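Here the chain labels run A, B, C, D and E in written order, and each chain numbers its own residues starting at 1.
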Amino acid sequence: MRIAKVIGRVWATRKLPDLEGLKLLILQPMEVTGSRPQGDFLVAADSQQAGPGELVYYVTSKEASFPFDRKFTALDAAVVGHIDRIDL
Amino acid sequence: MRIAKVIGRVWATRKLPDLEGLKLLILQPMEVTGSRPQGDFLVAADSQQAGPGELVYYVTSKEASFPFDRKFTALDAAVVGHIDRIDL
Amino acid sequence: MRIAKVIGRVWATRKLPDLEGLKLLILQPMEVTGSRPQGDFLVAADSQQAGPGELVYYVTSKEASFPFDRKFTALDAAVVGHIDRIDL
Amino acid sequence: MRIAKVIGRVWATRKLPDLEGLKLLILQPMEVTGSRPQGDFLVAADSQQAGPGELVYYVTSKEASFPFDRKFTALDAAVVGHIDRIDL
Amino acid sequence: MRIAKVIGRVWATRKLPDLEGLKLLILQPMEVTGSRPQGDFLVAADSQQAGPGELVYYVTSKEASFPFDRKFTALDAAVVGHIDRIDL
């Protein structure tokens, strides 16, 4: 999993029917303290009612469809939790 | 998922029978505002009648075969939606 | 698999129910001798009671859910063993 | 999928029984016009009788075993089509 | 698949029961002629009795568990063949 900050949202009306109703977030991956950006942004489905500026962690690849009811959903990234604290 | 602009098309007559009839697009991944290129191009199957210059989002890996009827299609990237708006 | 040192822990109370009870570690991948950092940190589930400073190896992608009982767990990285010795 | 030129071949007599009879090509990924190398070479199984110098496209990850009859073949890259033309 | 040289071995007594008895090699990926290192080392399971200094090819991701009898083994890289010759 990776740590990211929610920095925006993508709106798409024309899309696969399987993706209807899913909220698409723009995530900026963060370095280990969660305070500075690191690497390229990505688009991820939200399973956690995450809002702008929140620190979350996300999964990629096939695992990204597991938070959602639909089988075979065409997703490759999903937010799966909010981060409360990072201990280093 | 990633954001990309459709920049071209690939034509291939000799290919796996499983891939017959699929339109293959050339995608240029874009940075977060959708206005500048970022990273290397790729070839993706089109499930959304996307045309040149359009901003889309796509999935990679096994998820890429889910938009299509055929099971086990040998695909690793697919356009799954058009982007209407990006809020940052 | 990759070699990493455990450098911290992530706490997340709001998350997918599937992830309840899993310990999330922060891993710093290491170069081949196991003595210097190499590459970016990641968050991985712990199947091996690994503690801070320990040298471990981990798997990524779908394989990361195999150490755990729950099927379809939304995980993409997991510690699967402690490293005793590296012979070069 | 990615675009590549066939630049060589790998011979391996001692290997997994599942891989017997598969032709292994060395592919050089190409930039978008198909005329200049871009990125690192890889080894891919051939499902398309591709020869040296030919421009092809290939899939990676689990999708790479789909062109072949055997289930569970330990492959992570396969040529799936010849490229006739690239429109930009 | 990628080409690599076997450069060492990892010993791990505390690990997932699924991984018992698997030999873990340290691989150094090589450039296309097989004579110079290219990229970062990784740890892979051995299905081919490969020894130090030998040139092999390996698969990554889910494919890496296919050479082994156990289903769901938590592996993401495996040596699947020895390389006899590379033709360029």
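Here, a contact is a pair of C-beta atoms (placed from the backbone, for glycine too) under 8 Å apart; a residue touches a chain by one contact, two chains touch by 3 or more.
Note that the structure is a prediction, hence the values are computed from the model and not measured.
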Between subunit B and its twin subunit C, rotation from the CA superposition, multiple of 5 degrees: 145
Whole-Å gap between the CA centroids of subunit A and subunit C: 20
Centre-to-centre distance between subunit D and subunit A (centres being mean Cα positions), rounded to whole Å: 32
Residue numbers of subunit C (touch at least two other chains): 61-62, 64
Round-the-ring chain order [start: subunit B; next: subunit D]: B, D, E, C, A
Parts of subunit A lying in touch with subunit B, wherever the complex brings them together: 7-16, 18-19, 24, 26, 28, 40-44, 61-62, 64-65, 72-77
Touch list for subunit D against partner subunit B, complex: 1-3, 31-32, 38-39, 47-48, 57, 59-64, 66-67, 78, 80-88
